[in-house]
Amino acid sequence: MEERIKINRYQVLNFFKGFFIHVFLCVVTVTCLFPLFWMVRSALMTNQTIFVDKSLIPAEIHWENFVIAWVEGNFGVYFLNSVLYTVSVVAGIVIISSLAAYAFSRLQFPGKNIFFYMFVAAMMIPLPGSFVPLYVLMNKLGLVNTRIGYILCMINVGLSMSILLLKTFFDKMPPDLEDAARIDGCGKLGIWWHVALPLARPALAVIVIFNSLNVWNEYILATLLLNDKQLMPLQRGLMVFQGSYSVDYPLLMAGLTIAALPIIFIYLAMQKHIIKGLSSGAIVG
Amino acid sequence: MKRVLIIIIGLAVLIGLIRFTLTTGSTKHQQESNTITLWHWMTDRQEVFEELALKYEEQTGIKVKVDLYAPSDAYTQRIVASAQARVLPDIYGILDKKEIFASFIENGFVADLTAEFQANNAEWELSLYEKAVDVNRFKDGNIHGIKPGIYGVPIDVTNIQMVYNKKLLEKAGISKAPKTFDEFLQAIVALKRVGIAGLVSGWGELWMADCFASNYAFNIMGEEKIMATYRGEVPYTDPDWIAVFGVFETLRKSGAFFEGIVTKPNKDAEQDFALERAAFSFNGSWCVNVYHGMNPNLDYGVMLPPAVSIERPMRIWGGAGSSFVVNNSTPKKDKAIAFLKWLTAPEQQAFLAERTKNLPANRKALSSIPEILADFAKGSEFTTHPTIWPYNEHPLVTEAFTKGLQSIIIGEKTPQEVAKEVQAMKEREMKKAAQR
Amino acid sequence: MAQTKTISLSSVKDNLENFSFVIPAVLIFTIFYIIPFIEIFNLSLNEWNGISLNREFVGLRNFEELMQDKIWWKSMWNACYITLIALTFQNALAFALALACDREIRMRRFYRVVFFIPPVLSEIVVGLIWRWILNAGVQNGEYYGLLNHFLVQSGLPHLVNNWLSNPDTALSCIAVVHSWKGFGWGFIMLLAGLQTIDRQLYEAAKVDGANGWQKFWSVTIPMMVPVILVVVILTILGSMQVFVLILSMVGQGLVYHTEVPVTRILAAMTGTNRFGYACAMGVVFGAILIAVSFIMKRISDKAKQA
């Protein structure tokens, strides 16, 4: 008898716990989804109805706004450029920062701590006005108005944070896996590639998402370093709708929606790795 | 096998990427002697500029490369950085205070266009509105120590006034736009009675609040006394200045301000006026285009800010909306000047004005501008602007001044308190200047 | 003798090999960060308007002025306030959501995607939406700002407020919106950390008779300390340097109530054309942030030892 009551109480408690968790999650979900919904809804209206029409689904739906935004924003060129920049910068950051983070975490060399703290410190200092010396320097190096110059600058932007995050994950890595690999005849580079990188997959996924978002939304540095339209990233296209005086909100929203899609896609692709993580992929071939 | 395939594909992609990456922009044709480069920040005019550039190329064989860098903050950064690297384009615009404009000239980044303007009995100069040219002029004995002359080319004219919603005023039983400050306050009372908000403006952008205050300073004390204040001879605690601050307090107390006016970006304020949420707005002539885009049926009129004192006229800010300068060290200086001359000729000015719904800088550029814009143009005789004043306030004092206006609007401080604070900042800066 | 020599030689070779791992990072970093940084530091000792080819060397005068600049220190306090809210509210939210999604819960895939929407959204959209929500305007006798409208509808008209133009609420509103925009990052990092905890540890704790709460304190928290530390550091950095959001919500600010160091730096650079002073601000601000994060590191090292 007593036993039964206990179980019931446990079940009731569990039910309420689950219930509250779901209510909590749902509330947060609504606040997250609402702006997205609003953005897409606004993209389907006209500048005259956008702030007047209060109905949930607009009376007239202008799907063509997406096409107009794509054409007027000249997204064809910009989109390709942004993809190129994002892929190269993220790839660069992943390789360079994971090499460095692995060394900071696992290898010994003189000045190790100084270098590491230097990177961490760099995250802290905002560099106002650094655009002046940076531009002068890039100009001397002949890197102004080149893709490679912009890519290198953007790699630098994401480097510190990525190193810090990866080092934290490498520190947690169990040493016996490394030892096993060493016995199998792996060199340091081999361990980095075959052991450290696969183990740090969740952290790498975070880094990929973080830096993709960063590069994808970057605009100020591109405006500073690039001259030609053919080299400009996607955000340049969005500027067309934000005049110095007037803003074409529906087309801007349509453009922003188009611009947000690839990032959401990257997140969808990457979050699987965050979730699987160590628990399922610990054994490395 | 699979692995090898992946590696091969990976390598191919990598090589492709690197080759793609290393292709630089078309820097070569910039150096061609028949191409001039123009940098600007005006998103809404890029298309029109490009069309004009094509037309110019057809007529003269000179190619004009029009590069847009927006928003204006990013553009300014680029100009500053390029000046330091000495890679400024042939034609560009300076979006800053007169003092900074002077610094550009002083360091040889801007060509002196005086001779060009005054050739043939000042043909070019006289074809443009005087007040638009004045923005780019340095007068005899200017405080910046610049050789007197004209250093920039205005391409349009603008001014900042008040607009009123006819329908909303009618609802409140007001048939005529208020001319004096008292009438304005009465209108506010009448509007409040029927639940309509009074004045909206984008004072989240500090210069607009500064502009409004400056209008009243001109009305209350006149230019001479304002300049004396800037020279440090009249303190901000002078009754006249307290009266200027008092305008804001009176408006606050009578509930004239739209809720949240102090943190409103101008684009928000324009939306509020276009959607008929407020009866009055303080805005520039560019608003005609904006309101038309959001609400084509909006019935509104233009008026000067209602005067406090009847002794002096109301003054509003206005002059050149945007100007271009020519790089002093470019070998293509003549070509650049020729293009700007062409750009400010009646035909091109009319085209620009019509396409961008702005007021042309050329007197003869009569084009079919909307009636309301023509009304705006009528205010031009009352315009003045910090860029044509003999003295300017120190930017730090201006900051204290505008932030002080904000605290009056939100009821945090009294005009007297703000006046004291601004004066304290003024004295500090004067002391610093004297030490040098 | 010969043996020690070969050892030292091989250790030198070893060191070099190890060092080569960080060479690319150090190289890029030196060119694109250190060189501009030296230049910035150099500028902070000068008075310069950004254009002039002559800079006037003024020594430490910019720093002296900065120490007495009350508005600067107020802006520092404002940033600390935003950071404090982000550290508590944002991270608590992120941790709670991460814990919820770490469980076997229905629709957790859906939640994982949804919680990352705010960070992806453009600041333009965030500013537009939140200004609308917090708007205090009235049209035809009705509030059209969502929050005020909602307050009136739910019978709380005395709570209606001019959210973004009231010195008491403006900064808090910004802090809350910032937390909302940023919690997704904490969420995925904490979730990634939670997923790497070996499930066997939980099983072992269960065998030892620990209940959910005890498991949380004895397994989850100790295993999560490093990740939490990273999240905390990144939160501090992200919140101390927030400014785009502020610009999009309150324009150039509500008097000095919404100023933060970065907006002060921008105001000094573009508003008053004092590049030297702006650079001095950047240097001081950076030094303070570095000090804070090293104190954090000390604390966490102590926590790890304990």
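Note that the chains are named A, B and C in the order they appear, and that numbering of residues resets to 1 at the start of each chain.
The rule is short, and it goes like this: a contact is a pair of C-beta atoms (placed from the backbone, for glycine too) under 8 Å apart; a residue touches a chain by one contact, two chains touch by 3 or more.
This is a predicted model, so every value here is computed, not measured.
Compare the CA centroid of chain A with every other chain's and tell me the farthest one.
In terms of C-alpha centroids, the chain at the greatest distance from chain A is B.
Per the definition at the top, count C-beta pairs in contact and tell me whether A-B or A-C has more.
Taking the two pairs in turn, the one with more contacts turns out to be A-C.
How many Å are there between the centre of chain A and the centre of chain B, using C-alpha atoms for each centre?
Result: the chain centres lie 37 Å from each other.
Starting from the mean Cα coordinates of chain A and chain C, work out the distance between those two points in Å.
Chain A and chain C have C-alpha centres separated by 15 Å.
Name the residues of chain C that each touch 2 or more other chains.
50
Show the residues in chain A shared as contacts by 2 or more other chains, in ascending order.
As it turns out, chain A has residues touching two or more other chains at 132, 134, 242.
Which residue numbers or ranges of chain B touch two or more of the other chains?
73, 80, 275
Write out the stretch or stretches of chain A touching chain B in their complex.
That would be residues 47-48, 51-52, 84, 87-88, 131-132, 134-136, 139, 144-148, 151, 219-220, 223-224, 226-231, 239-240, 242-248 of chain A.
Please output the residues of chain B touching chain A within their complex, sorted ascending.
Those residues of chain B that touch chain A are 17, 20-27, 41-44, 46, 67-75, 77-78, 80-82, 84-85, 87, 267, 271, 275, 286-287, 289-290, 293-296.
Give the list of chain C residues in touch with chain A in this complex.
Chain C residues touching chain A: 14-19, 21-22, 24-26, 28-29, 31-33, 35-37, 39-40, 43, 50, 93, 96-97, 100, 105-106, 111-122, 124-126, 129, 180, 185, 188-189, 191-193, 195-196, 198-199, 226-227, 229-230, 233-234, 237, 241, 261-262, 265-266, 268-269, 275, 278-279, 281-283, 285-287, 289-290, 293.
Once bound in the complex, which stretches of chain C touch chain B?
Going by the criterion above, the answer is residues 49-53, 131, 135-141, 144, 162, 164-167, 170, 249-256, 258, 267, 270-273.
Would you pull the chain A residues touching chain C in the complex into a rising list?
It is residues 18, 21-22, 24-25, 28-29, 31-36, 38-39, 95-97, 99-100, 102-104, 107-110, 115, 118-130, 132-134, 137, 152-153, 155-156, 159-161, 163-165, 168-169, 171-172, 188, 192, 202-203, 205-206, 209-210, 213, 217, 242, 252-253, 256, 259-260, 263-264, 267-268, 271, 274-279 of chain A that touch chain C.
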